[in-house]
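Look for chain A in each of the two complexes below; its partner is chain B in the first and chain C in the second.
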Partner chain A sequence: MPESFARFRRSHEFWLLMVIAALVVFLSIATDSFLTFQNLFDLLTSYAFLGILAAGLLVVLISGGIDISFTATASIAQYVTMLLANRYGLDWFTVFALATTVGIACGAINAVLVDRLNISSIIVTIATLNIFFGLLVFVTGGKYIYSLPDWFSKGIYWFEYIDANEISYGINLQILALVVMFALTWLILNRTNIGRQIYALGGNREAAQRLGFNVFRLNLLVYCYMGLTAGVASLTQAQLAQSVAPTVLVGKELDVLAAVVLGGASLMGGVGTVLGTILGLTLLAVMQNGLILMGVSSYWSQFFVGAVILISVSATALSSRRKRKGAMTA
Partner chain B sequence: MTPNKLQNPLLGLFGSLTSDVINRRLVILLVALLVSFGLIVGENFFTMATMQSMAFQLPELGILSLAMMITLISGGLNLAIISTANLCALAMAYILTKFVPGSEGFAWVAWQVIAVMAGLAVAAVIGLLNGFVIAYLGVSPILATLGTMTMVKGISIGMTRGNVISGLPDPILFLGNGTVFGVPTAMLIFAAVAIPMAIMLGRTPLGTAIYMIGSNEQATRFSGIDTKRVILKIYLISSLLAAVAALVMMARFNSANASYAESYLLVTILAAVLGGVDPMGGFGKIAGVILSLVILQVISSAFNLLSFSQFLTLAIWGAILIAVTAVPNIRSRLGLKT
Partner chain C sequence: MASFLELTNISKRFGGVQALADVSLTLEAGEVHCLVGENGSGKSTLIKIISGVQAPESGGHIVIEGREYAHLTPVESTRCGIQVIYQDLSLFPNLTVAENIAVGQHLGGFHGVNWDQIRQVAKKAMERIGVSLDLDAKVSDLSIANRQLVAICRAMAADAKLVIMDEPTASLTRHEVDSLLSLVRDLKRKNICIVFVSHRLDEVLEVAERVTVLRDGKKVGTFDASEMNNRKLGVLMTGKEFHYALSETDLSAQETVLSVRNLGRSGDYAGINLDVRAGEIVGITGLLGSGRTELALSLFGMNPPETGEIRLRGKALALKSNREAIDHGIAYVSEDRLTMGLVLEQPISSNAIVTILDKLARRFNLIPADERSETVDRWVKDLSIKVSNTENPVKTLSGGNQQRVVLAKWMATSPQLLILDSPTVGVDISAKDGIYEIVRGLAAKGVAVILISDEIPEVLYHSHRILIMRNGKITGEFDAHKSSEDELRVAVNA
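Here is the complex of A and B:
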């Protein structure tokens, strides 16, 4: 135990945790509204969409690839699903099955192109982002879907609890999906053979290939998993927004990337943890929430997010350089 | 593996054979597009008006693509070009609307010059920040510029509260909307940055160093080149190009805003890569990028004439990128020589 704690103390996650803890303590003292059940509940609900996508992107980054097209995938998934749900009155199981199927199909297209064409994944997914998004808006004419099925609009509330101010809390769709997807991602990465193979692929592709890993199958799995998370995330977003708009999600892909990268995942592949991603997302969420609660104009929030990203990536680069230098002299 | 690595800088230096192949492929594609659009749209497609409207639209994306291209050649990436351009445009527009007097005269000219200088200065600061973080702190270009992109856009939003600054003096508007002997001024500005850049990349030690860094940074450093200084210069140039794009953009829209042209960000990468720039670094020529910009513009204008949705244009652009980059792969699979 002490040894593993010592290792944890040197990790990226530890520093993130310290920064978040300091922020939380500060905000709890400085504002009345931060450490309230309602605020934390709202925070979780509103960041679920980014969080679920972050879980998927983490897996892609660990495998040494990158995906930019997932917002377009999510837009297609929610549009198709809600269109059919309105027409045929589906249920929870079928909407999720549909959305994830659409997501997985888009992911498979990415995987095939990345693997077979031998082009870097960022270029492939920039191209597919344009293709998916362009076709979606072209085919739908950019029309919003305003009315969703009643049962979907109502969402789910498990263990509902209504406080003195008549505000109800519970395990809602967003929180449930967020927890399930993070748990699933953790299981895949840490408790399965496939997970070890994904780390190995990202760490050294050549070696993974020579060891006899089926690189195409791994790529297929990774990009399809990203598509699956995009499908799930798209439904939580549609439920929260109570509408589907084909143009609102595209453009958020770099926000998700920022959260995952803050969490310590490397763009070179092979590095990254679910805990780190959760912490990276938490840092962004708590900071943006804190700025608003402190009365800083919301117009400035993006500036602080950018500054934190820049400082964090610089600090990480500096410390890894120091480690390398230390290793060389030792 | 190693002999190839050693040859790469040399190939980049003398204009590799592959990039000529890419140019040939792009020319064939362009001719095919012109012929088929000519058949579909009719002779309308070849009128002076169509040509001129293309020449008005191309420079914005064109200059931004050059700003992206120079970083791609060095094996990097600059995600901050659009936000840089917007902050520069806002700085220029602020001075132009606040300080330029109504009557023509010395102060009228001076303030306009100061405004443009201020825009370039803002770009220089951002470029140096990017370059410093990437070269001297060793942060990967995607992450560093993702941070500055967010931060710079944050400054723009914070200062303007998301509002538009509009109403610019005539000489500035001329830069975006005027013509000289029928050629749009914006096109002349594009030529005025593209030609020096082509010379810089192809004929100067700095250009050589940029290609070499893109091929193998470590080998370049060991060959006695101060790679950090070169990288600093790359991001400085990229930022200054964004400022030039800002000038054209601002003049065309007669306004500036924190979030104009954001959809261009990934399109600039698409244009550069379609033009034969290797996203891993080391390869790419201005001529190829210009060809690719013309191709993208021809598609967009033809679709516009056919009154297709601009989103269909986006989809086709993406498909063309995949098709063109896939060609060598498919050929090698079939056992053909390129």
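Here is the complex of A and C:
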């Protein structure tokens, strides 16, 4: 398919891939530790939390909305689930059902507020971020949960492999959840009519309404899906951290937003792909990891992340402007 | 032949406003029917009732192909084969051509997407009207004319039997309008009924068989298009007789305000010679891309010329910015300035003086309140803007009066030269007439006016002299009193 390849070469994803490739080559040469199986495995495991959330946020951005509150949602889901798991001795299935239910409930609150109040979603979700988080900290007194059920602490390790240095690798909970959530998001967005309605809604809300798409139901679905991903992500994070802290997740929302925006999603809605988001997340992860491996202060890390976002977004804006100019003179 | 759609005694009231009163309308299969009326005449309400977006009051009947409905829902309306193509086309710029055309496939309960089927549906719809577009192109990359084709294909994909087009020609060039009209004739041959809603009466008459005129929510009547002309329709729509055409005046004694010699800018225009006397209205027309707007922008200091000279009352000008042009007494009112040149939430008074803030400003840049209100009152009176209070927000004014405020804003700079670029796009007849009247009044006071427009009747009836531009050159000059619309049309399209 030469034509579809030509299309891909002009896409945002292609350029991201090139930048990531260049960065990987550079880091592999500049450091000994970057291109090791252990480093890449750890990277994947530790960025799963952001990645799962990015999948949810991508869907919200495509619909033309935004959600800032998902870290608070994840904190609540995590805390409630682990509290009950300790008290009643729940199993894997119940734990996931519980966390996602809490997440979906918080998402539903966002959706109802956004739709019924007709206020921009950024305002609503900044408010709910504070409300959710404030309530959680008040009720829990900010206390950590240090002991998790044994089976949860152990996690899962499929296809375990132990290398010469006695470090074990395998499909762990984080990687499994990340892959499943990206695949699910891709399926919804590209293979269901609801996914296409979400794209349409983000592209032209009024036209979607005229066609008879149920905008409220779509919003409900989108914000609940964001909540669901927050629930799943919160468990992978709790399992990795081996503890639950009500205050550590809030503040990560801009990292997630950065990954999705780097991946080409537009805050104006209608634009964004799962592949782009994966690449955006990869770029973020490789960049932050590379800076640490090269011994750069973590303060600089934030500086570089900011700069790369700015460059990436301006490049996209410039190229689309050039394209529009080209179309006008043609 | 049975009618496709019959509306009887349709009424609709919004709050205290009677949007539609006892309107009856019959649409036949395979006819091209035009619906005309000024803003607020009830056209859009009628369309919304036909498309099921709004329900009529009880007492009305809707009969579609023999089946009676008290009112329609959007889904029923679509199922009956009614498709509305809105002025904004209702397309999704982020999606491909194929998906936009076959977007109806995404309706209904949760189900999978069959991309092959979507392409098939889109392809078939395009074949039905004989167009070919790249199925995988994004709609945002298409020209306006092609986007319109996508919207029409979408109606075809939905098996439309009645296609209602709302202002379909508003943003098309003449050439594109012609291909649209020929497409409409094609649809008609396929026994599809087309309802055209348009402000551009000459286009309406070119293609329609019958014309229904609405005024103040009531139906004035349905007429044979062959018996109608531009002027008659204007009278029916407004209930007023308009006197067009300027009286012949001898301006040779007047001072030349603007004198342009051999002006050129590569890629835009070349060898432009142009004189405008005080009190003279010079019309400039030509196809989109003929260089007329670029020339106007150059005269306004925003698109500096590369060769030639511009003289204003004999003095050579080298304008570097529009600020300098304004200081020299040049005003430029463009199409988007009329619609977007106002801060709608702000008071009328603030809008009217925004161009002369620095002239009003005294010590510490403060503006004396009495001088401010004096200036505002003078322009409100001179331009007969109907206001109860000049401190009300501009958005409380009617469209026509808003346009007067824009003119007031520029008149406040006391210009010697006024350039109007497509000043009446999307404006209805009465409001248009108001603008013409003001422009004529200004000319009578000695302002030199350049009137740029797409619409040949507009330049013909409201200018003393008409210049034709093509490919960046002035290719013809016509005396308004000795020329006809047809002559000009030939010259423009030559």
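Here are a few things to note about the model shown:
Going forward, the second predicted complex is superposed on the first by the 329 of 330 C-alpha atoms of A that agree within 3 Å, B and C clash if a C-alpha of one lies under 4 Å from a C-alpha of the other, contacts with A are read in each partner's own complex, and residues count from 1 in each chain.
Criterion: contacts are C-beta pairs under 8 Å (C-beta built on N, C-alpha and C of every residue); 3 or more make two chains touch, one makes a residue touch a chain.
Model, not experiment: these values are computed from the prediction.
Using the contact criterion defined above for the overlaid structures, shared-chain residue A:N193 touches chain C, although it does not reach chain B.
Ranking chain B and chain C by residues of chain A touched puts B first. In the superposed model, A:W300 makes contact with chain B only, not with chain C. When the shared chain is aligned, chain B comes close enough to touch A:I122, but chain C does not. Of the two partner chains placed around the shared chain by superposition, chain B is the only one that A:L135 touches, whereas chain C remains out of contact. Look at A:A30: by the touch rule set out above, it reaches neither chain B nor chain C.
When both complexes are overlaid on chain A, the residue A:G203 reaches chain C alone and has no touch with chain B.
Of the two partner chains placed around the shared chain by superposition, chain B is the only one that A:V313 touches, whereas chain C remains out of contact. Residue contacts after overlaying the shared chain place A:M18 against neither chain B nor chain C. Note: no residue of chain A belongs to the chain B contact set and to the chain C contact set alike, using the contact criterion stated above. On chain C, the positions that touch chain A within their shared complex are 53, 74-75, 78, 84, 86, 88, 90-95, 99, 103-108, 110-113, 136, 141, 143.
Of all residues in chain A, those touching chain C in their complex are 3-4, 7, 190-197, 199-200, 202-204, 206-208, 210-213, 270-271, 323, 327. In the complex of the two chains, the chain A residues touching chain B come out as 68, 113, 116-120, 122-124, 126-138, 141-142, 251, 254, 257-258, 261, 267-268, 297, 299-307, 309-310, 313-314, 316-318, 321. Considering their complex, residues 79, 133, 137-140, 142-144, 146-155, 157-158, 161-162, 262-263, 266-267, 269-270, 273, 279-280, 308-309, 311-319, 321-322, 325-326, 329 of chain B touch chain A.
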